[in-house]
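In the two complexes below, chain A is the common chain; its partner is chain B in one and chain C in the other.
Entry: the complex of A and B
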């Protein structure tokens, strides 16, 4: 507590004394990599909205919330200039994302890139930006492999080692099952979840993942994978899937009558809850977690403004993470005093201690990863995600 | 899961692959070149049906029929505009041209309809329980459509003058032409038929799963493998090849290879599912390059 208070004071001073110039020439330009099309289009659109909401507030001037129940008047703009975000559609594909990030870095010369959503895309783009000495803040990527990218890479969501453990503990406590199947996408995110969930199941509960299926993305048929997932007669299952693949997997499992007796336990439920809304029966009864986006502060600070701007409730949890990432970027650029990646990188390790995120504490560790993450538990029933009490609470 | 269900799943997969490999093998029989663009006709057909279904509110079967006709015409146009001019070019040139054409068709669809997967507005298919197997009405439709197409093709090839002309042109084009058969018209009709069958396969695959611009490219290896397995240029061979390949794909993941060792248990990881088609393809090329029914040799 003492540490962040000291740092907070420092930030307040720095920001107050920082080079804020009224109506300075030009703009501060940063980039955003987000999947506006492809399998993660819903999440990508929500991320774009979260960023736009933050940018609107930054450019209009806003009292940004800080820890300790404080608010810091910020802006209008960053460094006295309007903040502009160049949005690049990654099409939910690593190849397109690489084209996009090369454009942002080499052509647009941005000092900082926000995104991407999927670990399988944040990993190669992060390696590129890090090699180029450009800061990247991943929005909702959670593979433990991200930790090793390098000093210019940051992430605003807790990694899968935390998520996999949380999922396994919840699933065992809720179902009492010990024999699980696991189905995940064959990418760094999916494999990270599988490894940590199955390891926790074995080491903490003496259970076993009797089948581990890693499916390839964008395939037209998953029947063989689903049948393989049910070898070994599992009692329950760990389920990880992105939007439209989740819809296909659930649909084909429904048609084949494949459902573990004690149910599916899924991570990041809003990754697919919109996509299955047309036929909600296929995912009925799936339980799992969503990252920490609820509560009075989230509601007042983010959800209300989101509804007012877009005329509907937040599509997923991920837009709020994008909102936080944008604010962290703006605060860091302001503190750095110039849009220089090296200075922004150093500043991010300072502003994270002060900024109060709508998705919770946003403190980075030495590797730029989140120190903590909060999870909320839900059940998908009747076409909606409804809060589900954590077993034993 | 019951073995019966595995067989049924294989049949459904074979129906979709078979429709695609039929057109491919028919065209090879006539022109002796591997048309890599063939699978993209499935994508074009599937998206055209989606367009007529959504925008014109036609029922899906009617939209599919119109899409088949238009895609068949596209096949014909492709021949007249591109391949007709390359009739005597080396096979490798034709192959590369078809590869480029495939990319153009796929990216054209991506540009028009976007890269996001899409769905036909169909209700959720509730499966019938038939003993140990589950079968949805749509899957029954897929099997029926594939069977009807195979039967239609069989009747066309064996009982009509057009079919006889096709077979004659495939066997010896110069002799067929000398006998008064309009070989260019025959070639055109095979392009039409192959592309129309591919469009139907695309609609069926899209209806059962989802539409995606890469849905054709995703099955290119299994489709070529099915055609080669049965004997390239042999329509019945293509159907047999599709069936065997679908069985290999579905059963390959369920075989306990660890049983070869005492008390062992090891299944092929699902990530290697695509490798099954490659493995079958390599084995066929090594052990029986002419395919099961004896393929047609390059001229």
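Entry: the complex of A and C
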């Protein structure tokens, strides 16, 4: 805890003496890749709102919270100039995301790109930005394959190895079950969860994933997949789904009367909690985690302002991650003193120790991935997510 | 900006090869191939496996990609060669999905290479010989050379007796059958030829993008190529190329346009999709023959046009 205090002092000094005082011309421009249309449009919109909220505060001047109950007066603007974010729609499609990232890097010449949401898109865009020497901060991508992209790639959410392990430990402790089924989307995110949840179950608890189902996205019918998931008499299940698919999966499982005796254990509950709200009985009793988006600090720092600006509660938990990523980017650019990717990259490894995220600790490890992730446990009941005590605590 | 234009030109070249190969199959022969993306995917994956995992040089990868796609084209054409158009659409669409599902579920090396994780770090051919600034121009030249070769091959074929037989098949089996042509065998040949060209495009794409995963090869990509061929003009090779450039230009210019419009980014993103859809509908309504209609040779005296 001493090291960050020392570094913090350094940051405070640098920022105070830094180029904020110069009244500069022009703007600081960064890019955002987000799915505003397609499968992940809801999450992508929330991400765009989280970024917009941060930018609004940065450009108006804001006392940004730091660890150790400190607040740092920041802005207005970055490096004395307004911060502008160019929003590019990825259409939830990798080919289109590549067009978008090439536009941002080659035409708009941004030093830093925020996004994307899906691992399958962060992976190729990250490889491109990394080869071009441009910083990219992924917002909610969690595939373990992201770790190896390179020095210019960062991620503000804990990867699936952390998440899969946490889910398996919680599920075993809560249910006592050892025979699990696993149903995940067949993409880097879902498969990453399955690999790590099942591995943890086997290695730490001597349990077994008796069925592993990887389903295709955007299918009109999942009854065959659900039947397959219940082969081998599972006691409980690991469940991963995006909103559109979750609604159909829960509905068809409900119609078929398929439910593991000891229940479903799901990750990232807000991926689907809005989508199933109209027929809450289909997901009644699902337990699982949500990432660091609750508590008084989140409420006061983010959720209230979000509600005031958009007139509704945050759509998902991912907007808050986008908000944190934007702040980290702004702090790093300010500390770097110029919008230069190499300097921003180095600065990100400094500001992460001081910044207090609305989604918790945001420290990057040497690969730019999150050291820890805060998981909160909930049960979906009566159409709402209610806090659920971690077993044994 | 120039880098982005070079990127667009390179992608137009790659899609141009795809359009030409679809034009050969649909425009000339009338085969409603709704699984064209399978050739593209097979070319991309085969070349990646050969170059990245088997450490073979790029030209062999390119050749391997073309060969794999050609074999696949022949394979799906064999049992369906004597079917009518609508059945072609169904079988080719399904065959393309089968290919995609195989690659989606088959890891290539360890749990994180292949399958849904895709394959990254695909080597770029002759990368060391160029600087970072000049390499895109070299690759563009490579793609354009392949495009030119493709164009030369398809226009040569179209002028040959082979091409005339294909056109006859398009208008119905009766005439070519009466002339003693084995219609089924011609269909198999044209699927293999078109497949090989699609495979070349796939290989070029994989080594350019340096990353592929099964989500690049959804059926949507097939329909993008269809839009290019229909817009440009079925049966006209230059038309197919013009269609490619036009569709890509529409698609990308809307991305730039939005930076200058004072609307919320979410509204703009949805509007962009609407505009692209409307443009395609307008073309189908008002230019049903495409921008450059096929020039049909007329034999005998011209009849006065019926009005």
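Quick notes
Everything below uses one rule, namely that the second predicted complex is superposed on the first by the 390 of 393 C-alpha atoms of A that agree within 3 Å, B and C clash if a C-alpha of one lies under 4 Å from a C-alpha of the other, contacts with A are read in each partner's own complex, and residues count from 1 in each chain.
Here is the rule we go by: a contact is a pair of C-beta atoms (placed from the backbone, for glycine too) under 8 Å apart; a residue touches a chain by one contact, two chains touch by 3 or more.
Here the structure is a predicted model, which means the values were calculated and not measured.
After alignment on the shared chain A, the placement of chain B and chain C results in a clash. Once chain A of one complex is fitted onto chain A of the other, the partner contacts of A:186 extend to both chain B and chain C.
Looking at the shared chain after the overlay, A:70 reaches neither chain B nor chain C. Look at A:87: by the touch rule set out above, it reaches chain C but stays clear of chain B.
Of the two partner chains, neither chain B nor chain C is touched by A:60.
After overlaying the two complexes on the shared chain, residue contacts for A:37 are found with chain B and with chain C alike. With both structures placed on the common chain, the touch criterion links A:214 to chain B and to chain C.
In the superposed model, A:143 makes contact with chain C only, not with chain B. Shared-chain residue A:279: touches chain B; no touch with chain C. Comparing 1-9, 91-99, 145-153 or 181-189 from chain B against chain C in the aligned model shows that the clashing stretch is 91-99.
In the superposition on chain A, chain A positions 37, 91, 93, 186, 214, 216 are in contact with chain B in one complex as well as with chain C in the other. Remark: chain C residues 1, 3-4, 7, 101, 104-105, 111-112, 115-118, 120-121, 209-211, 213, 215-216, 218, 220-221, 251-252, 255-256, 259, 265-266, 268-270, 272-273 touch chain A in the complex. Those residues of chain A lying in contact with chain C across their complex are 36-37, 45, 48, 86-89, 91, 93-95, 98-100, 102-103, 106-107, 120, 123-124, 127-128, 131, 143-145, 186-188, 190-191, 195, 214, 216. For chain B in complex with chain A, the touching residues are 1, 5-6, 9, 13, 114-117, 119, 123-125, 127, 129, 134, 136, 139, 205, 208-210, 212, 214-215, 218-219, 249-250, 253-254, 267, 269-271, 273-274. Contact residues of chain A toward chain B in the complex are 37-39, 41, 91-93, 186, 212-216, 218-221, 223-225, 227-228, 230-231, 244, 247-248, 251-252, 254-258, 278-279, 281-282.
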